[in-house]
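Letters A, B, C and D mark the chains as written, and numbering starts fresh at 1 in each.
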Amino acid sequence: MAGSCFGKHFSVSTWGESHGKGLGVVIDGCPAGLPLCEADIQRYLDRRKPGQSQYTTSRKEGDQAEILSGVFEGKTTGTPISILVANTSQRSQDYSEIASYYRPGHADYTFDMKYGFRDYRGGGRSSGRETIGRVAAGAVAVKILEEIGIQICAYTHSIGPVEITPERFDAAEIPNNAFYMPDAKAAAEAAVYTRQCMEEQDSVGGVIECVVTGMPAGVGEPCFDKLDANLAKAVLSIGAVKGFEMGDGFQAARARGTENNDAFVNHGNGVEKETNHAGGVLGGISDGSPIIFRAAVKPTPSVAATQHTVNKKGENIEISIHGRHDPVIVPRAVVVVEAMTALTLVDALFEGMSARMDQVRKVWGR
Amino acid sequence: MAGSCFGKHFSVSTWGESHGKGLGVVIDGCPAGLPLCEADIQRYLDRRKPGQSQYTTSRKEGDQAEILSGVFEGKTTGTPISILVANTSQRSQDYSEIASYYRPGHADYTFDMKYGFRDYRGGGRSSGRETIGRVAAGAVAVKILEEIGIQICAYTHSIGPVEITPERFDAAEIPNNAFYMPDAKAAAEAAVYTRQCMEEQDSVGGVIECVVTGMPAGVGEPCFDKLDANLAKAVLSIGAVKGFEMGDGFQAARARGTENNDAFVNHGNGVEKETNHAGGVLGGISDGSPIIFRAAVKPTPSVAATQHTVNKKGENIEISIHGRHDPVIVPRAVVVVEAMTALTLVDALFEGMSARMDQVRKVWGR
Amino acid sequence: MAGSCFGKHFSVSTWGESHGKGLGVVIDGCPAGLPLCEADIQRYLDRRKPGQSQYTTSRKEGDQAEILSGVFEGKTTGTPISILVANTSQRSQDYSEIASYYRPGHADYTFDMKYGFRDYRGGGRSSGRETIGRVAAGAVAVKILEEIGIQICAYTHSIGPVEITPERFDAAEIPNNAFYMPDAKAAAEAAVYTRQCMEEQDSVGGVIECVVTGMPAGVGEPCFDKLDANLAKAVLSIGAVKGFEMGDGFQAARARGTENNDAFVNHGNGVEKETNHAGGVLGGISDGSPIIFRAAVKPTPSVAATQHTVNKKGENIEISIHGRHDPVIVPRAVVVVEAMTALTLVDALFEGMSARMDQVRKVWGR
Amino acid sequence: MAGSCFGKHFSVSTWGESHGKGLGVVIDGCPAGLPLCEADIQRYLDRRKPGQSQYTTSRKEGDQAEILSGVFEGKTTGTPISILVANTSQRSQDYSEIASYYRPGHADYTFDMKYGFRDYRGGGRSSGRETIGRVAAGAVAVKILEEIGIQICAYTHSIGPVEITPERFDAAEIPNNAFYMPDAKAAAEAAVYTRQCMEEQDSVGGVIECVVTGMPAGVGEPCFDKLDANLAKAVLSIGAVKGFEMGDGFQAARARGTENNDAFVNHGNGVEKETNHAGGVLGGISDGSPIIFRAAVKPTPSVAATQHTVNKKGENIEISIHGRHDPVIVPRAVVVVEAMTALTLVDALFEGMSARMDQVRKVWGR
């Protein structure tokens, strides 16, 4: 497993390059009896599809999911689910030039160092199209979570310096703006800021926040496989993500213990926490309150402005990257964060099934 | 593997509770022929040992490492290395009270939810003493890294609101102050701040920074097992860590592409980067520049100030935690960050050995 | 990973059902720089293809391999290799009847017990067509082995009571007869025996032997992942295999130590063994002599003769299985044994790359 | 994981050398709430202890198990269970000679080839003492199986040419003779045969049979992780085992389909099989009938008779191995087969917990 597999129980293997024949994923370990059809997957893929607003690449991809195995008469059979998305809109000529030099902020140089050469067309395996397999698998994981009452909601928390405001938070607003922000006013400001950057041939980053509700207490492992550690890995494994915060995150490092501790309280419905600085996890295990984390997304490295770099001959050169690029990748990454969260949670839930003898007896006992 | 195993190639299994007979680790996958003795491990364990300054718990633990297997005539044999640290200073009576309630900010409640009951003595498996196995294994990993010219240096970047200043950065200063800060003035200010919090029966958090030098380009996997994703998991798996930033981290989310991209340049010695906003990793693979990341550590949850919580009967109560606790855990966590970094890097290096046919031929070819 | 993944380093995920849209495999961990084209894979798939003699099913399948990713300009790129074989000759109506009852010797009943229902068309995932993904991946593994001088040769050792004779052993004869036997006379006798069984509406089993030459000494792990243990798993994971013998196998259990021990000797070219009762492995590690093992293959469970069984309502019934079935599966399983052997050996070789510090330094050292 | 870890869910890491400080195991993934004490483990260790009859080595080892973690107030806590057995009877001088040459049938040569050198004292890691960790972990796995009604019973099926007879089979007889044979007459004949071989300075092999009762149908994975494939690996991973047969095994290869198929029948209590040629597994999944398999154990390679071999200088020499060796290892291996079977079954049961959505809902549903 050279890193294109994720998950120990609900195990996904993604494959495919930006300009190859297609991309896809094989899921091994999906339980039998889950209702599943291609539309369930397409709904998620459509959220990451390019070409949906002026702030994403103008490249149009059909990105149609086809289920090749593992589903029979509308239900999963327990055997591997293979999902294929054929590539249909590759203009390889756009990319032939980048074969000869290393784009700053991209993986061109490191792929060459690791493998000796690379499929340079559109970034090859390091393209954002690699996330298609993740999102397709994540859509299946989300269906499992729904069956046990768990919901995931990610959205854009900030675009460059423009942040959402808690007072204006409105989850219903998320799908209404091109930035997937739960705050219409912030979204409008983000649009102004992004257009300005685009005019200056530059690109923009931002922060994505994700909230999980309905999570039972007791999920996650206490040592290396802490739920927050696994979420951090899942989210940092997304191409442009450079930081991860659980609950108060870096702010907690500045707080005092009395400020940061969440008091337990019983209002008559069992143990609850009065606050949620921890983000829903204590000692790596879910505490029953919402799981909250944030991911920092860097600005798209492909900018039209002139940049200095080195070509494969080792010569210093100047380049200017044209072609169909996203000025900001944050909105399209929101669904990828949801997908990686779903994969992580399903795996943690399945891992936890054998944590107690009474649970073992529930399934296998006489 | 319910989460107490880490690493696919250099695979460590830690075990042990705060107040059990001892703690330890089994390392499977250490190459044969590495010089190793108990002093190599002890040197690292001593850095996390309690009782070394007024800012750490007054509990004294010998924490002596004993190698039980895998080393013969001063060298590793390639078979599992078992390391044992016996517990010698357990005062179980200190902890008997906490059997009956859930301490805010601790894993008492979540362990009960997950397992049905818990070894409550000193936090049991969720105690900071759990990191002993990590540090012992990390000390072995560090020796492997040294053999191929890789160095790891972690230090405290901030204590509460007190940050180090780049202009005063002095690596030689790190072991000279109780906070492991590379800035004597900041360390002095941190001491004042911490003492003040201690007087107010409160605790303090902070940020740890880690720099890896000598890293070859081309290490790390391009998809889920990105080097930064695996570092994030490794670091977030340390008990009190709530955030992780690679390179510029959350600051990158506010920057523009032209600011955040690191230009490649050839000054005559091959490809280099003019800046290092990325923190030494592009597309999940090391780029040959120093690897830099930060970890946010929350304030110790054990505070003497009065707190609200719930007991096991579900009654709302008030508690005040006395006993031997660290007012700030950051300094003792520095070596744990180094250990987890070493484990992650060794695993990535070993994973990368079969990445290219020419490397395969180097080892197995005729 | 619910069991459709194999291999830790050269990791394959197979998928697909007999009568679904297709079957395939994703290989994660193939080194970059291996020359590879579809013909390399097709050559192996053609050896397991049905319809090539009167002793295999008359079903004709094109079984054309298509490489969807991981190969660029004729070489592997180090990223996942996805291989697809579309299903083209499914006659689902042949199988509609078996939806209602449990065929003896097949997995119909156990799939229903495990998953609650099954894709009954042609056996679904439990069909022999499942091995297509294995053979496609095995073909890639064979190419890696060839690069370092390792050859695998499997053949039929016996068909029912008809065994090959050492004196007549002729490797060149293997592809010349429908049974892949290295003994023309035995093959002729096997043909007579099989035809007789076919006339009696019955089926035939046999034994496959496999020999690996060019294997370096020192490959395999000393404890649970012994090379022979991993070969045993690989071979027993093939549908109809019921037994495995390394070297002398069960005969060794009847021998005395002085008979079974292989003396070491130096004829001037280093350490060799005078005999090879062990089958090329000592303590789970290759000893440099040929690796030899045998696999027992049961007779095809689909027979036209009348059988007793139970239907899904729990009623006792009589059935007679018609349709296009192999009277003997042994010849078509020969290439599957080679494929599983190749996958196991490549994985063991890659695992062994980090077994010694001098090997680590060869790849990563300065 | 260089092969000293076994199991994905109930994951054991064994460590230790014959003449080091001790041997042991860490179990990660044991469910919380299982009653466990040291006597549970000691009972199993005592069955593999040397020095219990004239047919085993006269070396006396206390082999006392100590539980170091993971158990609190008489129950497992869900955290890693570390078990230590200190070495007490090492006479290193017995073995100093073997440092200089390669014993036929032992792993001396292959360890040197793999690792460059070896801990030669008593075979080091390749000693049969390595199984101590397996048996200790197996004893815990057996307790889990007992809780859900599964029993494992292994016994000696043959010693050299002396086989048990079905008509005389008596399970109660197993613990009554030094060979653990369920047939008093065969045991008496085995004793005669073994004494004769000992007089001739030779050693003896044999076959172990194992029967699992109470196994629910539906356990095991359908592709690579077939229950029988995993059992084969588990059993072949035991040092001296050279062959594995499921049910009729190699005999099935000689049978016809109509002979080898097990008819399903309903006698009023649901689906059963009239015969059990398959050994309780169909398509890799348990079918509810007893699981039956056999393991071929080679004769002990340490014989006092003169043997030819090569020393480390490459010179041809003659040796005669004296010291305290087992003339036959089969009886002591019986409990190791049980232990490996228990580890395999527990892992398969835990894997199967997430195979169906209704099982997932049983544990996590609302």
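The rule we apply is simple: a contact is a pair of C-beta atoms (placed from the backbone, for glycine too) under 8 Å apart; a residue touches a chain by one contact, two chains touch by 3 or more.
Going by UniProt, the chains are A, B, C, D = Chorismate synthase.
Please read these numbers as outputs of a predicted model, since none were measured by experiment.
Participant: From subunit D, which chain is the farthest off, judged by mean CA positions?
Facilitator: A
Participant: As a quick test, compute the distance in whole Å between the mean CA positions of subunit C and subunit D.
Facilitator: Going by mean C-alpha positions, subunit C sits 26 Å from subunit D.
Participant: Just give me the whole-number Å value for how far the CA centre of subunit B lies from that of subunit C.
Facilitator: Subunit B and subunit C have C-alpha centres separated by 45 Å.
Participant: I'd like the Å distance between the centres of subunit A and subunit C, where a centre is the mean of that chain's Cα atoms.
Facilitator: 38
Participant: Mind pulling the residue numbers of subunit C that touch at least two other chains?
Facilitator: 1-5, 8-9, 14, 29, 32-33, 78-79, 114-116, 125, 222-223, 352, 354-356, 358
Participant: Among line, ring, star, complete and other, which best matches the way these chains touch?
Facilitator: Topology of touching chains reads as complete, every chain touching all others.
Participant: Flag every residue of subunit D that touches subunit A in the complex, lowest number first.
Facilitator: Contacts found on subunit D: 8-10, 29, 31-34, 78-79, 144, 147-149, 216, 222-223, 349-350, 352-366.
Participant: Using the touch rule from the top, collect the residues of subunit B that touch subunit A in their complex.
Facilitator: Residues 1-6, 8, 14, 102, 104-107, 109-111, 113-116, 125-126, 130, 158, 160-161, 197, 202-207, 217-226, 228-230, 232-237, 239, 242-250, 252-266, 270-271, 274, 278-279, 281-288, 296-303, 305, 307-310, 314-316, 351-352, 354-356, 358 of subunit B touch subunit A in their complex.
Participant: Which residues of subunit A touch subunit C in their complex?
Facilitator: Where subunit A meets subunit C, its residues are 1-5, 8-9, 11, 13-17, 20-24, 26, 28-29, 32-33, 66, 68-70, 72, 75, 77-82, 84, 114-119, 124-125.
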